[in-house]
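Okay, here's the structure, questions in a sec.
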């Protein structure tokens, strides 16, 4: 029997691989993919059991490629999450000095997170965009004609590609963190752990004011708290939105189901994208009147009322 | 087999009897009761199948004796409603003229509804309170020493007791109407007609601001409209309230059940007081996303999600 | 210069007089009135500076005669409040024994509060309604032919009319309390004390669902808490309501003004009925972001924005 | 006197330049900038009167570089908006055929919008990321060694750089549109036109559930509709958000000011980012009770109440 196959946002050495190593230290059969859609399609095509991709950065916000792709094709669900501190080094071929650097390459998100340092320390350097943080590191290591002398990448990539670290700690925000998720094909939903999170995508009705308020009340009316909300355009015209949302709790819990039922009734589209243990392990606080027992007792009471057994 | 026994707020000739005749024209076995609690206790004691009592007047508001008694003792439910126009005549013994009237008796609610007319037409007359609109009519008819020369009562009472009408149309508000309800012991709840009303009593949590708003949102979150709301003190101290509420819809409808479940979870007391056809027969408008089908489809979808069958 | 004249709900010896004595112990020029509208009209007619009338009982709820009259004619405002414990005695002419009592008279509200005791101790006695708790005491004391042998009244009335107490502590709820208010003609509104209450009446728009929820949000959006809410029919047909409301705070406070402005904009009728010190003297808790300073700073910021001075 | 200077997101031939030409057809003194922050800093440094930058794409969503920079440094405001249809062509040096294309370059947002076409028509082509849609067009035109044979750019860029169109209409969504804004230094806010939009950024309190709901109620309580909402991370840790919002209406209108005052009172940060005519010219619908007159009448009424002039 073969080991589970993992796909991830490659190439080797990306923060995504660091995330994969964090959730599956023993994984051997891993496949770097050129972009998020490809990594997820590997799971859809049953070529991989799970994919590890970024979903949210504390500085740059949601990762649109992941958020949008999760609902773009056949269903996938999130089964775990992990947060990776985002640290960057300026790396180059052996012997490269800071003053040799006239052009720097990296992913635009990484550039956005090191722009202040680069402005102060490499005021004249040109920025060359790349599709990942490690692709330019690989190019530099391979000795090809790159048009840049240094890359901003994570320490793992510099090490894997045998580059020298010219400068470390170059991120403008030393506390930056990216959250990665493990994504699989849906199956029977697991049992709650008591410290769970649920991800969903919901599209607002667009024909009336207050639709966002109404949608949020579907959660608040059941005591369900949101821990993340990202707006995404529906794509057909300006002014129409979907929301990618994380809530505290598990879809096997009554209050979460009640919220989902409310959304399904009132919104043109709602997609369940997984219930999974939250990375901080902190138990969800269930407010008064919203426990599973509160729901089952209330339903039994209504059944009694209908039967005339009691009031 | 005996005919069903009806109790009502007596004595004979009250608006309650008019209401009883409206809902059960053929009733023969009827029993006038001295007050609302007695009329309802006759039903609780199985001495009557149903009671007819007032619950709301368009001028004076809720009838507290009825509202409070419905939850004061063993459970009862409302099974029907009827509205009776409230018209008053000034009546006296044969030959009494307006200028002979130095004192007038009636129920305080009736007095409140004719005060303007009395002030204008009997400026010097004294008001003598009574426990019903027909008790003083009966007293006058019996020739006892009453201390008043005229009564404000409904035309039926004047006729039944053989009094002369001194002046008709004496109500300050000619459109006044009182709503009466038929009250029975609870049993299996009947099927909806599509034009139903549900009555309930709910007590607010008293330890937090916004409790009334939260309670009302249990209805609005499910598209359930209120047609009546009356505040009543809980009785143990100032500032603590119950609310007597009529909603549009039937407890066998999903959105109404969802609201009841929400109330049961979040309020210290909720009592179901009957689902019954509304007197105007107007079908309830079910807003988008709140039909029974919307609920069952949404619940089936959640079940599919849990089973991993589909998303 | 003459002493201020007080009107109150008479006759002498009522709980209203007890309330008047509590707020103005030195008052000498006092006038008992036969009913609440008369007591209030004395103020409107400038025959009295202030009236003392009941507004709310912890068992029976709002006093409709007071609540409705406050907005029925020319404007009046509440300037103070006081709570009086409601205690009843069964009193009669000298020598009357419990077994002699075949009929008892009192005000219907008083009867409602002693019904349990009467049922247990005077099961066969007839109830004779009266317009106040002390009117029948006066009648009994005057030796007229009353048709009843005992009255339920407060201890003060029994003493004032020289009646014997047949039984004391006859109220079913020994903690019952009635809140009385001092009512005057409006003038420039006084400064807040920091522990104030404001009374108002507001009529709901009747042409849309959720009107009550919307009205309550005018308060909650500004952090204003309600301490009392009573529904009253508008009077023209069933299903249309006004609400008599007490809120925590003073109309000279910004958050209260903002709520009033919101009500004025969105409701067909709103009446200010007085800001006055609350009887418990407890300072109002002002939630974050709703202090006067928060409002003035925010307004100044908007002015700066408009002028382009800063953002 | 010199002509106003415009900065825009360059290089020449971008959609930003198309937007600039749409709002200022006669502009001659224009300066392409390498990125959005630079374009906006030109305005801050008084080197340009206004900048034209993208803010929202109907497919890809908000333009983070613009949204985040608007509040990152000294204040700027939006003074106008324009929408530009996003059309792409595949262009190359003269004589390039589809089968010659082994690598394609463009901005990642453009790539995202043509990915479907590329996948179908250039299944084996490699994607080379670039910082704009016209930079690679320029590089190709200049004949440098680019590593790609074709670019995805707008028709204007192909024309300006003298490239051949290999294929037109290659966008997956032919209705895609990007909204651009004109940004200037703040000054006295202009008068409303009646068909205006206001942009703001507001940060949520992060220490309580329901903060987003509360924030949205500041708008709904005054009848102010949202036409756009984008979440952005505050940047210091996961789970803390700011929202970039467009509302219907002008800050010189009372209801908008009331909403701003409410936000200023209850949120840790709110920034006004401009009131300006909306591009569709459609007059804003002012709901009942929220017109300027409603506010001024209500305020005058409260002033009367305080002075005791009337109720």
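Every chain is named by a letter (A, B, C and D) in the order it is written, and numbering of its residues begins at 1.
What we mean here is this: a contact is a pair of C-beta atoms (placed from the backbone, for glycine too) under 8 Å apart; a residue touches a chain by one contact, two chains touch by 3 or more.
Each chain and its UniProt protein: A, B, C, D = Prephenate dehydratase.
Please read these numbers as outputs of a predicted model, since none were measured by experiment.
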| item | value |
| --- | --- |
| Copies chain D (Prephenate dehydratase) and chain A (Prephenate dehydratase) - interface residue numbers shared by over half, same or different | same |
| Distance between chain centroids, defined by C-alpha means - chain A (Prephenate dehydratase), chain D (Prephenate dehydratase) (Å) | 25 |
| Whole-Å gap between the CA centroids of chain A (Prephenate dehydratase) and chain C (Prephenate dehydratase) | 59 |
| Centre-of-Cα separation between chain B (Prephenate dehydratase) and chain A (Prephenate dehydratase), whole angstrom | 57 |
| Interface hub residues of chain D (Prephenate dehydratase), defined as touching at least two other chains | 217 |
| Set of all touching chain pairs, with the criterion as stated earlier | A-B, A-D, B-C, C-D |
| Sites on chain B (Prephenate dehydratase) touched by chain C (Prephenate dehydratase) in the complex | 37, 56-62, 64-65, 83, 108, 112, 115, 127, 129-131, 145, 173, 175-177, 179, 209-210, 212-213, 216-217, 220, 225-233, 235-239, 241 |
| List of chain D (Prephenate dehydratase) residues in touch with chain C (Prephenate dehydratase) within their complex | 75, 77, 186-189, 217-218, 221, 251-252, 257-258, 260-262, 264-266, 271-272, 288-290, 294-295, 297-299, 301-302, 305-308, 310-311 |
